[in-house]
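What follows is a set of structures to go through.
Next, two complexes with chain A in common: one pairs it with chain B, the other with chain C.
And now, the complex of A and B:
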């Protein structure tokens, strides 16, 4: 008994001491991103690897690693190889995001891919600004994320999705009379709504009715649906999340109203709603940057490689954004002739100029992506239609 | 040298001394630059969590009531002070003055909330009180998450609906942007200020506990009926303790909000309240020094464990369980104390045994 206790105390002490030592060892191994001598550029990634948002962070980490491995296998860019270090920020909007960022800095981060979630991103953008580190976020979509000149997005900014949706509907002549149902208590939804409305007016689309709901009344949509029906809308624009959209689809059916449905990336996931009759979603169009079963070569190659490497998991939109993020960095590094021994600040100055200066990128999440100096991406959105219970490219 | 010190005074001075030693050690490390940026980033949060833990220890340890609303008070303090700082950052450019005022604003507003919430809540006891404080914490968090505040030449605009609902003029500026929170708060928190505030908090708490009020509060904890029968005003003393706890939590919230560029209400969820309670329980209920040590260790631990990546949170939980068992189990504790004495005996051979025993206790 006594021996057992001693053993336990000893092992506990050993664990504590060990963790301290390894922790310190890691943190003291590199200085603050002043460049490395062994010919590799360190890309730091930050996202939730634990907690409720972990699936996003893990997808980003996996896809980023995949991209880095591919680049290194081909001998790197200009002989420069990449190394990905990824830290867990638990999607925390405060100190943990900053801790993860500081840990990355201790590991010699020269370029940052992150963070995955908007909340964490807002907590670190001013840190990267202060340290002058080039930051490109795969999936933090709020407008505020890119307020500094060193931060860029791979994904659409929330409000940009509205503009892109209106353009897509008008350019492809999908419908003329449009009804909108949106959540006015949600920043994402109302952001898209505002820009959609402005762009629709410009493009000559006729918005026959605008209906809203709030967080507290999101189960019964019969009033909104009746309004849309009596206004004879041909298309129902739904800039909302998939839970509410699944209810709207079901209630439209029972109201015997069958317009075309069009949504944004919030609808991505509608097919996996519990107890949802997938046939209802047949023909729903959504604007999402990535569909795993798209037929183009790049997507298929990526999906195949991802599945092979990670237990046959199908990559989602976050993974595709992250993969593009790394490839964007690689292309910029190639273009600017970045060397591994440059400091983070030097790299940042070059990259942030280069990305908004005629740089074009064809990736999984869009063709001909360009960036303005304010950090927002401009790319042709990919529209996806739900066919036979699957997402397929339109 | 041999003058007998009051054991309570002695205990508090040991704590002050330990704090000073840690402070000087950290300052030396900082000035020689031999401290990683992650550690530097953790210094202020450790102070913040320590203040939260010692202040919660007032309610949990001294008053003997379980409160799970600590994060709510921290949230009030953080938001109130951040709003204040954002409003005055152009008119008061001297950071010391602005931050001192912000700390007072954060603390006082949180204390007011403490009193407002305390009046109905403190009628309850035990589990009921814990659950109601938890609910209040959540209400506070959700209200701030839905709040939009902006100002322009016409004054302050407040809305609970949306940014557009504020009707700001073009020259207007957003202060709180709903769930996206506040950004652009001046970064006035430094380790030195945070440490001084921690030090002051500890002094306040030790002196409170050993004052007439503190003794009254403890008598309520130990035997409510007896305390009432000698004429103590239970509600008054409970409310004083609760308000003081809220005040210090608000001050900690101020330090927190001025340490980061952005502040979002979702940070202040019940997990944070429970984490602070864990600091208190692990450090020993009623033990001020223990709370600080527990807060520091448990804040550092998940960061130090980063090297084991995916198993980090698993290890953290396991270590937490082992630590809880080790600190609560009498036999294991006495084992540690015995060995600690042996070690001490080896180092200070000349000192008398009696002193060592007292020290260990």
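And now, the complex of A and C:
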């Protein structure tokens, strides 16, 4: 009996000592992001996996994992494979985002994909700058996110959509006389409106009337629609969210006014509004980086793979942004000949130069994507048109 | 042409305000309390029609009847549970309770129907009228709103002045205690008032959601407040006053949005409230009642 007790104590002590050794060993080799010797680069992802914004974070995590698996299945790039570690930041703009970031560093993150939401991203950009980690965010779209030189975006910066919309309308000769209805009390909407207006003037588009509304009066648009109608606008530009847009479409119809409609990614989602009469949206054009129903091969392949892997769920724009993000990282790693044993800082120095130096990327969310040194992406936006109750590429 | 269009839209919006304002005015005139939950009963009416028509697939008329019944019962329940125990309390307590009921209804709707907006299917089936080669269009909803509000005003006036229940309401509005001494059941009269007011709210909800087909838990909040302004403008307590006030407020709002600034349109509506209170506190058709000392 006494002997058994002693044996047990001894073996327990041995287990404890052992686990301590392995634990210490693991963290000491990874915590400074100094690279691993097994030929794998660790990409750290951060986004909301729980809470109200969880659908965005989960989409990013799933799509990023899908991209990583695809790359590894093909043998990696230059023999280097990737590993994705993902932490939940709950879209919190404070401590939780920083904690998630620190956890990623502990897990040996060498490159960062994230964060998913703007608030969390602003909480960590100065940390990644300090630690000199290359950071590319799939979907944080505010201008401030990319103020440091090591941070880049896959998605459009908000106001850029206005410029891109004006360019698209002018270059494809869609309309000359344009009316705008925008939300004067919303930064997204008025940001797009301002850049649209400036670019439209440059491109010779004629803005016949500018109408606005505020968050307190966003159900009655009859005055705005009458103004657009009597100014004989051929196209109604709607840099707003889909709820108000669905009302404008209905009210235009009952006023017997049928201009062309053009919107930005805020309109994405209009077809999934409860009880929405889809025929109202027929012919609406919108500038969105990604439509799951688009017919091009790359999109089809991605949607199919995503659905197979994740319970037949249709990927959204966030998933596509994340998928592109991983592929962008892989392509940069290939181009610069990054090795898995390089430190995060070394990788960052090389990648941040490389991405704005003649690098071009064709992805799900845009063709011929290039980056300026300030971190904003320049890509030809994809315009989609709503046809037979579905999004289809223009 | 554009002016005529704005005017018609204004009258259309104003008729809806008028129907809502009638509910405010009726309850204030008789129970002497401001039922700030009135706007949210409108929202409940909207959701009732939506659920009956879209979720359960009922026909339009049955769905409309269902909504009126739901709102009427809700109105009576609210009165019994929240207002009746406070009959003798100060008007401030009742007002605060009404605001509480308003928030309760809004959050209950959020819990049941979640935050995603619903698109409302119009219950109006009247063809639109084209004037001047299609330059001016009168929507079916506009015609319906104007007709319904006129019918309600005439009907209510007849009811109040020419039926026994109606005269009982008038008596309660003038002097509760004296009415009771004359053998009028004050409690049931007030319940009836709430029932009619809430039934009107259901009608207003249908008109509102048919014209502006979106439904969220705050759908009734802003129209409710503007209709309150309309009721004060027309003279609170006065039925034709609510109609006139409603239409004027709607026209002011739309013309302001068109010719002055969309940002200032709401501010102008409330500026009207302040002006009315300063210049003629009893409103356009309000009666001046001399307080007995």
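In the analysis below, the second predicted complex is superposed on the first by the 364 of 394 C-alpha atoms of A that agree within 3 Å, B and C clash if a C-alpha of one lies under 4 Å from a C-alpha of the other, contacts with A are read in each partner's own complex, and residues count from 1 in each chain.
In the analysis below, a residue touches a chain if its C-beta (ideal position, glycine included) is under 8 Å from a C-beta of that chain, and two chains touch if they have at least 3 such contacts.
The structure presented is a predicted model; accordingly, all values stated were derived computationally and were not measured.
Enquirer: Could you look at A:49 and tell me whether it touches chain B, chain C, both or neither (first, second, both, neither)?
Expert: A:49: touches chain B, not chain C.
Enquirer: Give one of first, second, both or neither to describe whether A:137 is in contact with chain B, with chain C, with both, or with none.
Expert: In the superposition, A:137 touches no partner, neither chain B nor chain C.
Enquirer: Looking at the overlay, does A:88 come into contact with chain B only (first), chain C only (second), both, or neither?
Expert: So A:88 only meets chain B here.
Enquirer: Touch test for A:211: chain B only (first), chain C only (second), both, or neither?
Expert: second
Enquirer: In the overlay, answer first, second, both or neither for which of chain B and chain C A:128 touches.
Expert: neither
Enquirer: Touching A:195, do we find chain B (first), chain C (second), both, or neither?
Expert: A:195 sits against neither chain B nor chain C.
Enquirer: Is A:219 contacted by the first partner chain B, the second partner chain C, both or neither?
Expert: Second partner only.
Enquirer: Considering only the touch criterion stated at the top, classify A:65 as touching first (chain B), second (chain C), both, or neither.
Expert: Neither partner.
Enquirer: By residue count, which of the two partners contacts chain A more extensively, chain B or chain C?
Expert: Partner touching more chain A residues in the overlay: B.
Enquirer: Check the residue A:105 against both partner chains and state whether it touches chain B (first), chain C (second), both, or neither.
Expert: Touch partner of A:105: chain B, not chain C.
Enquirer: Do chain B and chain C touch any of the same residues on chain A, and if so, which?
Expert: After superposing on chain A, chain A residues 184 contact both chain B and chain C.
Enquirer: Within their complex, state which residues of chain C touch chain A.
Expert: Against chain A, chain C makes touches at 1-2, 5-6, 9, 12-13, 50, 54, 116-121, 128, 130, 134, 137, 139-141, 211-214, 219, 222, 253-254, 257-258, 262-263, 265-266.
Enquirer: State the interface residues of chain A toward chain C in the complex, per the touch definition above.
Expert: 184, 211-214, 216-217, 219-220, 222-224, 226-227, 229-230, 243, 246-247, 250-251, 254-256, 273-277
Enquirer: Can you list the residues on chain A that touch chain B in the complex?
Expert: Touching chain B from chain A are residues 5-6, 8-9, 12, 15-16, 19-20, 22-28, 32, 49-50, 87-88, 92-95, 98-99, 101-103, 105-106, 118-119, 122-123, 125-127, 142, 144, 184-185, 187, 190, 194.
Enquirer: Can you name the residues of chain B that touch chain A in the complex?
Expert: For chain B paired with chain A, touching residues are 36-42, 45, 146, 161-164, 177-181, 183, 256, 259-264, 266-267, 301, 303-310, 312-313, 315, 319, 322-323, 326, 331-332, 335-336.
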